[in-house]
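Below you'll find a set of structures to go through.
Next come two complexes built around chain A: one with chain B, the other with chain C.
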Partner chain A sequence: MIKSKITLMQYIFLIHGVQMGVGVLTLPRELAENSGTDGWIAIIICWFLSIAASLVIIQIMKKYPNGTILDLLSHYFGKWIGKASHVIFALYFALLANVIFIREALFIQAWILPRTEIYIFILLLSIPSYLIVRKDISILGRYSELIFFMTLWIIIIYFIPLKHANWLHLLPLVKEGWEPILNTVKTSIFSFIGFEIAFFLYPFLQRKEKASMGIVIANTISLLAFLMITIGAFVFYSPDEITQYKEPTINILKVVEFQFIERLEIVFLSIYLFVISTTVLPLMFMTVFCTSQLAGKQDHKRHLFWFLLVECMFVVLFPPTYERNTILQQYIQQIGLILAFGLPLCLWGYVWLHGLFKRRAMQ
Partner chain B sequence: MLFSRRYSKKPSPSQQFNDFVHQGQISSDLMENITEIQSVFCDTPDLIIRSLVIKQTQSQAVLVYLSSIADSKSIFNHVLHPLLFEDGQDINTEALNVSLGHIKKATSWQQIERAILNGACILFVEKQTEAYIYDTPDFPKRAIEDTTIESSLTGAHIGFTETGSENIALIRKQIHNRELKIKEITVGKRGQLQLSILYLADVANPDVLRELEYRIQKVNVDSVLNAGVLAEYIEDNPYSPFPQLLLTERPDYAAAEILQGRFVTVVDRSPSVIIGPVTFDSFFKTIDDYSSRWMVASFIRLMRYFGFIIAIFLPATYIAIITFHFEVIPLKLLLSIGSSREQIPFPPYIEAFIMELTLEMLREAGIRLPAKIGQTVGIVGGIVIGQAAVEAGIVSNIMVIVVALTAVASFIIPNYEMGSAIRIVRFPMMILASFFGFIGIIVGFMILLAHFIELESLGTPYGSPIAPLKISDWKDLFIRFPQWAIERRPLGTKAIQMKKANANHQKGDQQ
Partner chain C sequence: MKRRCISIFVIVLVALLSSCGRNIPLEDLTISLILGVDLDDEMNLIISESSPVFNEDAKKNIETYQLKAATIRDSRKYFDALATGEVTAAKIQVLLIGKRVLEHEGWFSILDTVYRNPSFSINTKVIVVDGPVSEVIFYEPDDKPQMPLYLKEVIDKNYIRTRTVESNLQVLHRQMYEKGMTPTLPKIIKENDVKFVGVVLLEENGKYVDALSIQETSFLLILMDKQKQELTLSIPITTFTDEGGIFNKNMLSIDISKVKSKVTTNYKQGKFHFNYKISMTVNIIERIFPKDKVKEAELKKLIEKELLSRFEAIIEKIQENKIDPIGLGIYARAFQYEQYKKVEKQWGEALSESNIDISLDIDINGTGAIK
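Right after this comes the complex of A and B.
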């Protein structure tokens, strides 16, 4: 049934790519608003939580290794729930892709080309998106893999502003108790959302016995990236200053200046579009994968075309603003929380009980 | 009604593809055969029909050949002379005593017709329904010379010629191995072209061979002019700017690729052979990379990839910065660019297009013109375009520098096809940059990557060691590791025998 395969590396970087996206640009501010410079501890807690949820996902998928979550739900709960899950997942991924896609365009407008309309960016970015997503998952895997290694050098630039760092900002640890940190978990957990695409990637994976290891590595790479960026921002800005910037991650780079280049952040954000594309493209793929499965078609090209067209129409008819996008993002993140953490847990319990009763019945 | 009209339409005779097959068998009557030959080859003054009596059997016979392409000397010495004067009493065989190595027998007119056109001479014997084909071709050919396009410092100074069999010999000279197999296919209805696929049977992947054979057999045309034409018929994606099959005129390079597990298609009458499947990085390698020391080779190879990036993105980046993002460059540089652009009446993209197109025209003119006039082009390009255009205030100095840099950067790519591809890709990038600045460049780059990732060469991934990532193949990618460190063939060729060397590098002063 499933022809194309992805390697372990591609699997890791697909998951990591979805986690690492536009959220990182605002993450230090959101953490600092809630728990000051202790926010980075919350990220580690979130990492534990997301690894637990990821491992549960892999455990569930092991019960039905040759199908995606959609096939699994149809298998256990019957055709109608299966169909409903197609719709739910398709809507979820579509909205998430939509939110991030528009946010990407908003960032471009705010930082790089302030006088160009949003829909032009969406139109422009739709072309490569269509070209990459129309093929099967292995092409997408190759893309994520390539982009990860191609943009790895950005980290080096990030170390340059650290010469202005004041490491005392981090001390004392846990200065206001654990309560604000635990409150921050609620916002920072969204950074890790994205590992739920493992529900769909698992059947495509070549060596399924490595799935658990792969998802842990993917989460850990994301953790390291988030930690580096947040700690970097915390020690660079003073604790009060950081909340004044919308995107502190980009603002840091304003101090970097070379002999041959000023305003590095413009170059950086342009290249960062690649990283954002590894978030948006898999989400788009999952959307059209769900809808084409629902329609019983192998080829998702046409669905993708319509999806992008609707996206463009949507942006033309309702010119997006940053505020509206943020509200929509908060809603979709709540759903994400349910699908990424709630669903695996419930499903695991059900599958476990199901197996238990089946064994009883057999005896 | 609509449907019936569409499907009932029959192709008119002029649209039908004539396949020129001459049906029928030869007859036992000599006169009948001669008439048939004369009717097939009418208006062919170089057709020689020589009647004779074979001394050995005392039977009537006729010898037929085309004097322009058959070797008359060997026909006289090795066919006519033995037949006419030697009685062959001492040999107890039925066969005619002709002192030639390659003798075939044919019964159908189709075979005979093809043999005559390939320079063979045909012997019809009275009361026999079989004709003898003596292979005596003598096509005009060129001597083996040094390579002209792909010159090399330390590699062999031998290039392929227009004779297919000689080209095969040049490859066989490099690989003395019985596993070197040759598959022959004929393509083209009218100008029948002999293709030979050379490969190592125990190394190369049979699936890829099947794919290659299938694609070549599907080519159903009148005539295939040369290797480039064939490559265009069998390549994977005709809408790609990148070449997906490598054409080379170097036997040593072709042999090296065979040893990697690839397939070399020798096309008769063409001085270059087709190598496939190839990956993107194949176009950035030369034979000199392997014969010079690894550090030098790696440095030059890195320069080529750098040149690739420069050639595609430098003019686009320049346009983007000047049009949209002038705050990105430092003030001093901005001022010097500004003062050089002060007098220029055009926006940067028009300036860039003028210069880039001029450069392309100069380059093309330099190739096509005879060497003596070619120098004039250089003078015109250097003085008129470079100097005068700047002084007249049509283009800025910086633009001339940018264009010159891109030109040099694109000339560093060793493969001509790939160099041309880069030059073409540059123009859409410039257009995107002039509309959307950096965002346009990034989107253009994404489109290029999307295309690069999904491209295939004979069904194997084109971007092989990069996307899909195959770390073990990186030993021979950007940095060429020392020869003793490369023990395996590249994964990108899907070879069935991976190991090609044993790690036996001598470290230090071992005994």
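Right after this comes the complex of A and C.
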């Protein structure tokens, strides 16, 4: 049934790509609002949690190695639950892709092209999206891998503002006790959401014995990226000041200026669009993968076309605003939390019990 | 058929493409390089701007305007009415603020658009003018480059030589919001020429309180641990009686090649204690008095004494004015968080009651090429 295969590298960068999206642009502020400059500790806690959930996902998928979560659910719970899971996952991925896609356009509008309408961005972004997502998962995997290495140099630019840094901002560690830090976990956990696509990637993976290692590496790369950006922002901005900026991750680059180039944050954001695309495109793929499976079709091209068309219609009919997008994002993140953390745990318990009873029955 | 459909689709999209519609040739732009903010005698806000002219027919290569406006953004409509091209703020190099503005609380909010509008450069230098801004912005000396370039160079050069604080919009924003530090800005004055004269010290809310001379600023920068490549201090050794006459026979100039300034923070008996340990490696670069007047070991002691009295004078000035340009509050927050949080809102007051001790250790490295 599954023909295309992805390598371990593609698997790692697909997962990392989905985690690394628009959230990181506002992450330092969100952390600082809740727990000041201790926010980065919360990221490490989130990393532990997401690794635990990721490993559980892999354990579940091991029970049914040749199918996705959809096949697994149909196998254990019957046809109707299987069908329902198709719809739920399709809706979840569609909404998540929609939120990030529109947010991407909003960022371009705010920072780069303030006089252009949102629907034009969506229209223009739809074309390359269509061209990449219409093929199978291995194309997407290659794309994510390429973009990761292509944008790695952004890190170097991030080191330039650090010469103005004051590391004393980070002290003392755990200022107000652990309570605010644990509260921050609630918001920062969303940065790691995205690893649940492992539910779908696992059957495509060539060397399945490396799946656990791969997902740990993917989460760790994301952790390092988040840590670097948040700590960079915390030492650059005063703790009393950082909450003033909506997107401190972009603002911090405004101080970087060379003789031959100014407003480097525009260049950065333009290149960062590629990074955002590695979040959006796999989500779009997952959406149409679910719907085309539901319809019993192998080819998802037509579904993708309709998805993008609906997306364009949506922004024309309901011109998005930053506030509305944020509200929608908060809702969808709650669902993400259930699917990425709740579902694996419940399913793991069920699969384990199921195995136990089966063995009893055999005896 | 399919191919035709696609080609039509592509043509439609190309027509929709952004950024082709609103292009402006450079010569049609009025690129402000200096923005001035000042108050006139009736306390009206005066905004001024200066921009280069790219036109062969124009006799002067710079145009400068000054006008009354409610806010900075509001001033743009008046500038557009005056200037040749569309006025743009994206390339402002220098922001001049009149000292009169700083004498009133709450002036910082007038700069809101500078931070809100992403097209403003955050690296714009912020300079205080002692006197009317118009005198500086309209000043066109024959022997200098255009004012924006000149001002930028003057501040940059003095910054490299450890004579002025770092000051741009980003730093100002940080210092205004930081509770454990008060802002400092470089100051220029227009007499016969426009010149840099030191820094101004502001209160937590931005109000002007005091000023430091150029040499005092160097000492402040050592306390802030922000010395740059070059740092020279010229001091009279006051223990020698100045024999009078035209030439100050007790002057000594030292070039400080290495400075380490460490602060330890303590809280004892309801007071903050800051202990500075400053160690310097110095070269004597100029010594007017004869060699036999003092032995080298004694000279070291004498220099230490002189420098120490200057550091203490600055500390005294800071404590008297209840401000914290050094940023000792950041140290207090890092090392004595609980106590600091209690006094965070009145940090200047807490600092004025605290103990700041300085111990100085000088190492004379060289005395130059002549005996």
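Definition applied: the second predicted complex is superposed on the first by the 363 of 363 C-alpha atoms of A that agree within 3 Å, B and C clash if a C-alpha of one lies under 4 Å from a C-alpha of the other, contacts with A are read in each partner's own complex, and residues count from 1 in each chain.
Throughout what follows, contacts are C-beta pairs under 8 Å (C-beta built on N, C-alpha and C of every residue); 3 or more make two chains touch, one makes a residue touch a chain.
Keep in mind the model is a prediction, meaning the values are calculated, not measured.
Of the two partner chains placed by the overlay, only chain C lies in contact with A:175; chain B stays clear of it.
Contact with neither chain B nor chain C is seen for A:215 once the two complexes are overlaid on the shared chain. Of the two partner chains placed by superposition, chain B and chain C are both touched by A:113. Looking at the shared chain after the overlay, A:123 reaches chain C, while chain B stays out of its contact range. After overlaying the two complexes on the shared chain, residue contacts for A:288 are found with neither chain B nor chain C. With both structures placed on the common chain, the touch criterion links A:237 to chain C but leaves chain B unconnected.
In the superposed model, A:90 makes contact with neither chain B nor chain C. When the two complexes are overlaid on their common chain A, residue A:145 makes contact with chain B while staying clear of chain C. Legend: residue contacts after superposition of the two complexes on their common chain; A:132 is shown touching chain B, with no touch to chain C.
Counting the residues of chain A that each partner touches, chain B and chain C differ, and the larger count belongs to B. With the contact threshold set out at the top, residues 113, 116, 120, 124, 127, 257, 262-263 of chain A are in contact with chain B in one structure and with chain C in the other.
Looking at the complex, you find that chain B touches chain A at residues 324-325, 327-331, 333, 436-443, 446-447, 449-451, 453-454, 461, 463, 466-469.
Residues of chain A touching chain C in their complex: 110-111, 113, 115-116, 120, 123-124, 127, 164, 166, 168-169, 171-172, 175, 237-241, 244, 251, 254-255, 257, 262-263, 265.
For chain A in complex with chain B, the residues that touch the partner chain are 7, 9-10, 108, 112-113, 116, 120-121, 124-125, 127-128, 131-132, 135, 138-139, 141-143, 145-147, 149, 257, 259-263, 266-267, 270-271, 273-274, 277. Put simply, chain C touches chain A in their complex at residues 13, 16-19, 22, 90-91, 115, 118-119, 121-123, 170-171, 173-175, 177-179, 181, 330-331, 333-335, 337.
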